[in-house]
Amino acid sequence: MLLRGIAGLIATLVLWTAIVFIFQVPSFLLPGPMEVLNRLVFLFENAKLLRHIGVTLTEIVAGFVLGTVIGILAGVVFARLPRVERFATPLILLLQTAPKIAIAPLLLLWLGIGPTPKIVLIAIVTFFPVMSGMVTGLRYGEGSFRDLAAVLKLSPWQSFWHIELPSALPAVLAGMAVATTLAMTAAVIGELMGANEGIGYLLSSGQENSDTSVVIGMVLLLSLIGWAFYEIIELIRRRSLGRFQLS
Amino acid sequence: MEFLVSQSERMIDIAGVHKTFVADHGTVTALEPVSITIKEGEFISIVGPSGCGKSTLLRLISGLDQASGGSIKLDVSGRKRPVGFVFQEPVLLPWKTIIDNVRFPLDTSGVSRAQGDKTALDLIKMVGLAGFEKALPRQLSGGMRQRAAIARALSDDPPILLMDEPFSAVDLLTRDNLNDELLRIWQSTGKTILLVTHSVEEAAYLADRVMVMTARPGKLKCIHNVELPRPRGEETKLDPAYHALVAQLRRDLRTPAGEAH
Amino acid sequence: MSGRFSAAVDYTLALAVLLFAWWFATGPMGLPTYLLPSPLRTWNALVTIALTGELWRHLGFTLQNIVLGLILGCIAGIAIAYVMTRFPKLAVWLDGPLVILQTAPKIALAPLFIVWFGFGVLSKIVLIFSLVFFPVFVGAVAGFRALDPKMKDLSKLLGLSSIQRFRQIELPAAMPEIFVGLKIGAVQALVGAVLAEWMSGKVGLGYLMTFASATYKTPLLFAAVLLTVVLGLLLHVALTILERRLLSWKGAARG
Amino acid sequence: ADKVVMQIDGAAAPFYAPLYAGVENGIFEKNGIEVEFIYAAAADILTNIAAGNVDFGFPNGDAVVAAAANGLPVKVVHTTYQRGIGALLAKADSGITGYKDLKGKKIAVTSLASPNYLQLQVGLKLAGLSLDDVSVEVVQTGAIVQSLQAGQVDAIVFSELRKYNLEADGTKITMVLSNDFLPSFGNVVVTNAAKLSENPDLVKRFTTAVTQSYEWVIDGHVNEALDIALDKYAPTWPKDQKGILTTAFEQTFVPTVWQSPLTKEKGLGAADFAGWQKNADILAEYKVIDEAPKAEDFVVDPSTIGQ
Amino acid sequence: MEFLVSQSERMIDIAGVHKTFVADHGTVTALEPVSITIKEGEFISIVGPSGCGKSTLLRLISGLDQASGGSIKLDVSGRKRPVGFVFQEPVLLPWKTIIDNVRFPLDTSGVSRAQGDKTALDLIKMVGLAGFEKALPRQLSGGMRQRAAIARALSDDPPILLMDEPFSAVDLLTRDNLNDELLRIWQSTGKTILLVTHSVEEAAYLADRVMVMTARPGKLKCIHNVELPRPRGEETKLDPAYHALVAQLRRDLRTPAGEAH
């Protein structure tokens, strides 16, 4: 799967080069792959690129895990208690729709400068898709399993662990896949609101400098990280569902 | 019909229970008021035309659904899981193997894995699924799935067992065997069993009492005491009293003319 | 009906609590206006632009973009998800590039979108579309994949044409998962619309926000934020009602 | 040493070389200060200063005026850039040489609330034109330069600094400095009003360090400072732009941006109260802000800190 | 057993068909090589213990699964939908009402709505679901769902009908009625029908030939010709030949000792 994904990636690169070459796209609009690669190598040699990647990766992983765990738990609560869900919905939508840039100073005020506000931001955007997936998975899941749990008088934890989580897993994983893409965006925003390291920071310096190669290069790095996340989720999906996916 | 059972002997007390479903296409009276007292250790069979409320009654007793009126009392003080339920369609967790499915009630009630495996393997053997312990439900035939569900319902030894057409998808021979196994288990454990079936032979062969229901609206038509001696076996099936009862049940089901035509 | 009514009550109640917390933060807790303006000042800012009629222009523009982007993203998301589940070979090739394209942070690409697609509505719709597409796509893929094999048997047996199969079996069966994507997509559409206007343009709630933010008109900023949230809430409620109607056959568990 | 956080406009860039060199040369340390630089947009910086999230900011002067007008408790403690660096930029081959040539053209600014837009309005007015004679596009920082390069607009009103980027890319640029007709200030050091009154000593030491850092560069260390910046602080910047940057520093920044007649007299960072006041008044006149704040209320001359 | 059927009469030609499933827990031979030729308009019943490959055989014939070897030929030239299938578990589209489900095969083959409604309503009435046209599947009892599935399989009148335990969840009376209806339809339309059942009475009562299968590994044990006169009805059930066949089928199923125990 990974191999084939890489094949697709190479195809994209070829297409990209072709577009740049055929249409003679100037590099301030869309630099070619080689140009971007050169800039990446340059950054690697001069700008401690790896350290920046490490910083961002740490933030993403921490935020993603936090958001996923809270999302799953909230999903369970919301699916069981629709009133709580309705009650929380406006707040959640507030957090999701309010432009992060607008609330950034507040986040800094409450959480201080450093990785925390970034992690929280990533957790916030991760939370929503995971929670939605969980709620749907539980709400529209097989009714007969609910009967079984009721007859066996399973504790909330037992029915969550043995019945609800497995049956909601496809929807939750779909939510997590969506969350990966949002997490990448949040990582950038988080670093835009005040940072001096990380991929998002390098990206904003590229923007400030109208250096499209750096922008595209950083976008590409983030995409690759996102893709890696996505593949991990796919792996979990295939591992866990392959057994009972009936097709 | 016994109306005088000592308080302690009463296991299930159903008084004026009825159920109406409200659906888009109108309300459906699934069950008109039913009253019956079931003693501890009794074996009750329920027969009746399709759609007469048999499953509904079992669901009400198990507490899965709420009655529209009337009261149901179970005398199962202290038991965490008073009822075992064999659903009309086998409800197996598709992501668990057969042995995991059968052991599931034990796993979730704190029984040790080793103990659970032992019980589960015995039951799997009993229902004729030896060799399929590690199979997933989708790899079994319809009848095999149903048998796995039966094994699961028995695994944690509930005092009350509700079985909704448990043997409808298995062949005659297996069915006979399972009937005898069920009787054996019932006799050795003293469970209270309610079994829904479309086979009047099965109903008569197994039960202490047979409830006959009628359709549209579903209601309890009559209850037959089965006076056949215990333990039952091949001789029972030769007993003229047995055949008389079967014939009587057939007649009961035939009049008033059933709903299908 | 009574369910819907009680839902409205819950939403109102929640908003009231939110309002109280907000009031509390700005009043007794004493957060200054430039960080968080009081509800009253925000309301006044809102009323002011509503009275000048400016508000409706901005709101209308944003709403139009959201709806357009949402519809387009939705159609494309479902269509491509379907094609990819029907032709797994294709998925092998498309999966990598699609995911890469999607995980590319839009906020970083948004400025380039403007350069690529111009200042007009097009670049905005493209941005919203790109944000809506993926959630719907992923949801739809999950939905199509989870199709009960018995349903597959049925459609094979009846020799259904691709269109019949899609319309009659696959789409309705995938609806729950599609709705997960759709709900996220709706929120993303909102985020995208604001982001696009933040990046360029002279109308829209997003523009209003940049303007307010650059001039420290924090009450106006929060009024615009609040409007987006209300818009989000309305979209959410609309989708929930639609979901309830389309998925009533599922007999969703209610707590 | 006191640990402080300074939030700088935009991202790390060689234009901030004096600050970086100051750190590397131990100038800040000598003043008992350990500084960490982080970056964000100007408006965010001022909000963060007001909220106390960061200790010092280095935003654009116009942003400070707007913030002060809206009641944010911020104080300019070092008018580092003695003039504005806003400018009208157009491609040399477009034939645009000044505002008078803009009739019928398409011009991009970053926001209708930005000082660029104000500069455009005043520039047009002085050239006898009005906004009706041109079409204005709003394009964010991240795209505005490219939109000029791509020919989507005929001119942009933005920062003088971008001229160097564009020329590095091989585009010949015509530039009209806005400061010539509309006095304003580029990057200035800002702190919270409360911080200033509670801890004037720290602020004093900080501004002293800033002054000393700039002095070192002005005293013939442009080359070293740029090396430090390009190597350690703005490594994303292409190294081959050093030549252009050196020219920019030597011909523009050192003589006319960081230094002015006023600084000759009162030292670097001196507050030109009249200039600030004029800046604020024009912002108010053009309705960018509701009411002009008093320059004395938000600008402090570094020499008076702690007295 | 007939081996000489004219080419044109052959409807289904099964030669050496077998099926092996590969699963995590090992391979399961669901079906050992089976050969049989079924004539047009024949009614075949299939009986056999649970898990002997009955459903597998039907799925192979319908083309839903691919055989591991052997060949299956259907003589249904030109028919878009040669087979109707009643699955062992009722497969209804949960988002469609009963009438929509029953009309579904018609809707998707271009029959007009009015015509479709008429056919569907007739069939719904025939299976005893009148009044539930607008109900959703989940609002029906198990037996009612099964009957709806039967109605659907009949609605577009396929030349071959494969029925996997269609009547297992319905009561005796309904079952008898449905048996007779099925015979009526079969006689008037000349369908070729394969019906899997656990009821040897049903198998004998309905079929021209009864296939008896054995379990583990599943294989065809023998085929009985049913020489009972047509049309069949109440008299058939009094015919000693019928009872002899039923008894014979019972014996066939009993030896070799079934797998459950």
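We just call them A, B, C, D and E in the order they show up, numbering each chain from 1.
What we mean here is this: contacts are C-beta pairs under 8 Å (C-beta built on N, C-alpha and C of every residue); 3 or more make two chains touch, one makes a residue touch a chain.
The chain list, named the UniProt way, goes like this: A, C = ABC transporter permease; B, E = ABC transporter ATP-binding protein.
These figures come from a predicted structure and were not determined experimentally.
With steps allowed only between chains in touch, the distance from subunit B over to subunit C comes to 2. Summed over C-beta pairs in contact, the chain pair with the top total is A-C.
Remark: rotation between subunit B and subunit E after Cα superposition is 180° (nearest 5).
Rounded to whole angstrom units, the spacing between the C-alpha centres of subunit C and subunit D is 38.
Remark: subunit A and subunit E have CA centroids separated by 51 Å (rounded to whole angstrom). A straight line joining the Cα centres of subunit D and subunit E is 85 Å long. Centre-to-centre, using mean CA coordinates, subunit A is 49 Å away from subunit B. Multi-chain contact residues of subunit C (touching two or more other chains): 35, 111-112, 115, 198, 213, 250-251. Contacts with at least two other chains are made by residues 89, 136 of subunit B.
For subunit D, residues touching at least two other chains, in rising order: 47, 51, 141-142, 146, 150.
Pairwise chain contacts in this structure: A-B, A-C, A-D, B-E, C-D, C-E.
Looking at the complex, you find that subunit C touches subunit D at residues 32-35, 110-112, 114-115, 118-119, 198-202, 207, 210-218.
Residues of subunit A touching subunit B in their complex: 144-145, 147-148, 150-155, 158, 162-163, 166, 240-241, 243-244, 246.
Of all the residues in subunit D, the ones that touch subunit C in their complex are 43, 46-47, 50-51, 63, 66-67, 69-72, 111-114, 136-143, 146-147, 150, 152, 288-289.
Put simply, subunit B touches subunit A in their complex at residues 59, 62-64, 80-81, 83-85, 87, 89, 91, 93-95, 104-105, 107-108, 136, 138. On the subunit C side of its complex with subunit A, the touching residues are 7, 10-11, 13-15, 17-18, 35-36, 92-97, 99-109, 111-112, 115-116, 134-135, 138-139, 141-142, 145-149, 152, 176-177, 179-181, 183-184, 187-188, 190-191, 194-195, 198, 206, 209, 213, 221-222, 225, 228-229, 231-233, 236, 247, 250-255.
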